[in-house]
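Encoded as structure tokens, here's the structure I'll be asking about.
Order of writing sets the chain letters: A, B, C and D. Residues in each chain are counted from 1.
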Amino acid sequence: MSHNTFGHLFRFTTWGESHGPAIGCVVDGCPPGIKLSEADIQPFLDARRPGTSRFVTQRQEPDQIKILSGVFEGQTTGTPISLLIENKDQRSKDYSEIKERYRPGHADLTYDAKYGIRDYRGGGRSSARETANRVAAGAIARKILGADINIRGCVTQIGTHIVDGENWDWNEVPKNPFWCPDAKAAKDWETYLDSVRKDGNSIGAIVEVQAQGVPAGWGAPIYGKLDSDIASGLMSINAAKGAEIGSGFAAASYTGVENADEIRLGNDGQPQFLSNHSGGILGGISNGDTIVARMAIKPTSSILTAVRSITKSGDEIDVRTKGRHDPCVGIRAVPVAEAMLACVLADHKLRHRGQTGR
Amino acid sequence: MSHNTFGHLFRFTTWGESHGPAIGCVVDGCPPGIKLSEADIQPFLDARRPGTSRFVTQRQEPDQIKILSGVFEGQTTGTPISLLIENKDQRSKDYSEIKERYRPGHADLTYDAKYGIRDYRGGGRSSARETANRVAAGAIARKILGADINIRGCVTQIGTHIVDGENWDWNEVPKNPFWCPDAKAAKDWETYLDSVRKDGNSIGAIVEVQAQGVPAGWGAPIYGKLDSDIASGLMSINAAKGAEIGSGFAAASYTGVENADEIRLGNDGQPQFLSNHSGGILGGISNGDTIVARMAIKPTSSILTAVRSITKSGDEIDVRTKGRHDPCVGIRAVPVAEAMLACVLADHKLRHRGQTGR
Amino acid sequence: MSHNTFGHLFRFTTWGESHGPAIGCVVDGCPPGIKLSEADIQPFLDARRPGTSRFVTQRQEPDQIKILSGVFEGQTTGTPISLLIENKDQRSKDYSEIKERYRPGHADLTYDAKYGIRDYRGGGRSSARETANRVAAGAIARKILGADINIRGCVTQIGTHIVDGENWDWNEVPKNPFWCPDAKAAKDWETYLDSVRKDGNSIGAIVEVQAQGVPAGWGAPIYGKLDSDIASGLMSINAAKGAEIGSGFAAASYTGVENADEIRLGNDGQPQFLSNHSGGILGGISNGDTIVARMAIKPTSSILTAVRSITKSGDEIDVRTKGRHDPCVGIRAVPVAEAMLACVLADHKLRHRGQTGR
Amino acid sequence: MSHNTFGHLFRFTTWGESHGPAIGCVVDGCPPGIKLSEADIQPFLDARRPGTSRFVTQRQEPDQIKILSGVFEGQTTGTPISLLIENKDQRSKDYSEIKERYRPGHADLTYDAKYGIRDYRGGGRSSARETANRVAAGAIARKILGADINIRGCVTQIGTHIVDGENWDWNEVPKNPFWCPDAKAAKDWETYLDSVRKDGNSIGAIVEVQAQGVPAGWGAPIYGKLDSDIASGLMSINAAKGAEIGSGFAAASYTGVENADEIRLGNDGQPQFLSNHSGGILGGISNGDTIVARMAIKPTSSILTAVRSITKSGDEIDVRTKGRHDPCVGIRAVPVAEAMLACVLADHKLRHRGQTGR
């Protein structure tokens, strides 16, 4: 993928900075005749929205989506869908002092190195605010995929606090502010995150996303592999430091016998995998089993604790980042990761149909 | 990236199957005036070549590279460089019995699901043999990057046997058949891999690649991030199940304080990072520190031990894969991962220069 | 180029329909540090604007450009520049009766055939209104190219009324409502176009664009040729039916001796071409001479005279298109053609710099 | 399109120089399950082959195509198809004296300006020899399009000698060495071209290509328009200086009434166009009528008559180009233009199917 565009047949291009008048996204290549209104997109944005609990940033943004083109009389026309979200709660003065400062872990230094100029207000283009666009694009991608494909995500780890697979219940996810599928872990996280926040610190996390119902055959060798595109999509999310499919890094410890997903014939006459170490992808192509991907999110770089750094002009300083920051950005990354998975799959659905006619 | 092409300005397209007459690669967008001959490429192919120790496949392939275009009087002309490697040791009969069988962990089932037809000889297009092309393209990418950028890789883990950071010595890497930077671990791996092989089993691994000397400023927000493209490149390698940058998945367990790469001013007047959790990339753009990436490689799916599967026509069978397979494909993946890192960096060097003129 | 995106390194994506709330454009890959404000773009839009004389459509659109992102403190940041123009004078009722009608020469029938749905209001996505976006993108492209490159255009033919090369004077172009470089021809055209308009008819035209000051070396073999990209850009303009470079179709009648652009050494030590049949491009690469391209624009399809057609449901009808249409769309196509030439050149400037470092 | 790759879903990448060991092409994105062998491709190459009459270059090249990948047991597998043609009759010594010379009309000067180096033997990469690759790719494209779509081409003009529409008979095309549809004109051209050749001169031409049977609905707004992609494809052919669709440049002289393709309902219940000024494309999308495109080919730049030029080092010289050159390159461009049209259509067939499922 190049620059600010993601996807090949179903593709979107995002624009906008944290503290500009608005952010937005142009979705191109959407099939025609799909029912679409703002109401199909808004719930996903609401799920990603800041200010919903004390565990996420307190910035207040309604994140009201507007469709400016590509939909006519309630249906997509096949032409570009322009989506726009106004920025409402920018508070630029909060950020004025970082103008000259390179906050460790942020893109301040690298944007300056690359461009020689940066919009320093709230991270500018590198702000996680950009991800609202993907969530909107992802809502459209879900419409393309249809009701038979179920995409969902959760947080499986915060710091060293890991969900217990025995307790895994997807129904728990919306019941706590952490997208946690383990009710017991959620309780524990609440206490833990409060302590992290009070310490002026932050913490990393692991996010898992799944897609059920993807038919076998989507994907493409060799550089358009489904796993390659999913990894690319997840790694493009702010603060992501790793992406894996199926067993992922754990596969390094497995033997071939342990890792083999044995196959029997299901009652429906379709191949049935007795395990899913592959995460639903073999040779870059979906095998019909649930697609499972995970990403590692680093701890929020904006912390109240002082860390050593330098200024643009080379002075050595201590940086203490005040402001309305998520103690664990992994939490709000869940709907973003879901959206990226949806977009990759929608693109590959169209690409597969294009090449094979199926 | 789409289909069989990788890269945006510096890009390559590969073709060929394991048991066809040849495999090859077209490298497009290479700058003109770079000294290049087969001798610049061959050593990297020799390093990836099968049959060099008892720990890798015994297939005998000279992997002799031929340059068919794009080089004139010893220099690149800026036009496409066509590279070709003949297949010599195909032994198609070894594979005849897998025609109808879906080997667990292989792309047999998924290629059939996608295309309705597959070249079953030696894995066809999904064979790791394709990776020789990338190694060749990577050798050209290194020439573009120049001598100041040093790209190297190693195996850091085989099964649960992990190198000891205290023993890490890059000079050890070429001295053992495992690309292992820890002489003591290499001894241990020798014993361990012999046992794995004798058991008719295989084992996973983790490969690490580094690039030293990359200037700050390469990369691009948001979907052309350096880490996104590196992850995409690594995940496109056969058997890769995960990719990470810097601290990667370990970052999930870190606090913001632990994970902060503090900055001081170096003696050269350049920013100096006191740690490298970021893996040399911030906001998708290189920060001047060493770029560090890792990938997880699953155990070889071709094992002598019987595993349950089905045939194309739906019969339930046991599959025992004979043949000349790597007990640990992670080993030969090292030069491939180096090559993909080199290609991503060469592409971004040109893209950065294109946009900014620097 | 694909879908609604044009360009490779410098690229833009447009969206919007004639009668939606707005149209817009995302410009990606712009170099950082370029001074840019709405005032740099607006004059070009004003030149394309409808309602400026009786020879163009009377739709009243202020075409006020807004920059929503990518510019900070008066300079481009290297991130996507989002441009937006509100639609003000839509008068949707004017178009209600064409809902079921296929107007000959329009995209009504083909959009229905492709998508099964179309926004019939004012031509929807196929309206020439989309070209305002390109003019805006072109204004940014001019900034990238710098003051040494001079891009300008004119109308050389309306119907069979052709400008006289002897009278050619670029200074005349802004003095008449036709972008005509021949004051005498402009007079003639005024009379002629009045008669065309009164007849409820319309007329075709030829537009010429030139770029002076382009250095030798821009372009790329074989499918990224400068002439190939210019032709693609011009042919993407509404109503364009042909594109040519230099002598163009006239070259078919020339002998090799006549067509040879002989070369001598200029006083500046640079090659000097004694003629410019090539239009400044050889082998897809600029040769340092003025780039000259032309496009043929068909007569406006919306005419008051009745023409035979059918409805969506297959009824045979007569179509008489009322509304506020340009009698000769070629006139307002001039700034659009200039813009497309500017965009192609800006893209190739960056691509050339990326590959060669020059 | 970028660099040396053409197409979006069905795409090909070519490589090779006139006097290297071989030229070739990688065709990516071809649907699986299509019957394909060398015998499907060879006839189209034979039609383009040099040395077949005294009106084309006397270079003797068998142009024997080899398929190196992507076909298994007689069918395409959906993976890249690598095609290779060996260069047999290079005679490099013929070209040694042009090493320092800039032949007017050739890419010698521009390749040097761009790359600082060029393979001067026979034009290197800029040689029309590259077009053999497109003809091969076009043969595969025809297979994708199927038997219901008929693509054919001819020469309609050589110099000022134009075919008479009254005499047009497609059956005449293969009966003369000029691809001329008018038997009488072909006689005339024979005499005329003999005189051109004897004068040490050359002459331009116009080539027309048509595609019958293309269903309504292929193409894409705005920058992926069918006409935009056809123009881009035709203009990428060596010596092409113009491309037009339907009435093309003649449309500039037409009124809206004259140019309107009126529509009635055909006996098959489908729209029937009473004329075809549009060339089968409206708004960038096929309308179901025959697609008609034309390109202008300049006279061969290599002529025996002396023309003034300079050398690489700036000396003023006279250039007289000996060798085995086509007196009218337009003749051999016919199968190349057919191929490019076929490739554009195959790509758009897949793209249309991908987006709409039809």
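In this text, a contact is a pair of C-beta atoms (placed from the backbone, for glycine too) under 8 Å apart; a residue touches a chain by one contact, two chains touch by 3 or more.
Just so we're clear, the structure is a prediction, and the values are computed from it rather than from any experiment.
Participant: Which pair, B-C or B-D, has more C-beta contacts?
Facilitator: Between B-D and B-C, contacts are more numerous in B-D.
Participant: Which one of the chains is farthest from chain B, going by Cα centres?
Facilitator: Chain centre farthest from chain B's centre: C.
Participant: Determine the centre-to-centre distance between chain C and chain D, using the mean Cα coordinates as centres, and give it in whole Å.
Facilitator: Their C-alpha centroids are separated by 26 Å.
Participant: How many angstrom between the C-alpha centroids of chain C and chain B?
Facilitator: Each chain's C-alpha centroid was found; their separation is 46 Å.
Participant: Quick one: report the Å distance separating chain B from chain D, using the average Cα coordinate of each chain.
Facilitator: 39
Participant: By residue number and range, which residues of chain A touch two or more other chains?
Facilitator: Residues 3-5, 14, 29, 32, 78-79, 114-116, 125, 221, 351, 356 of chain A touch two or more partner chains.
Participant: Can you name the residues of chain A that touch chain B in the complex?
Facilitator: 1-6, 8, 14, 102, 104-107, 109-111, 113-116, 125-126, 130, 157-160, 196, 201-206, 215-225, 227-236, 238, 240-265, 269, 271, 274, 277-279, 281-288, 296-303, 305, 307-310, 314, 316, 330, 351-352, 356
Participant: Could you list, by residue number, the parts of chain C that touch chain A in their complex?
Facilitator: Touch list, chain C to chain A: 3-5, 11, 13-17, 20-24, 26, 28-29, 32-33, 68-70, 72-73, 75, 77-82, 111, 114-119, 124-125.
Participant: Give the list of chain A residues in touch with chain D in this complex.
Facilitator: Interface residues on the chain A side: 9, 29-32, 78-79, 221, 350-351, 353-357.
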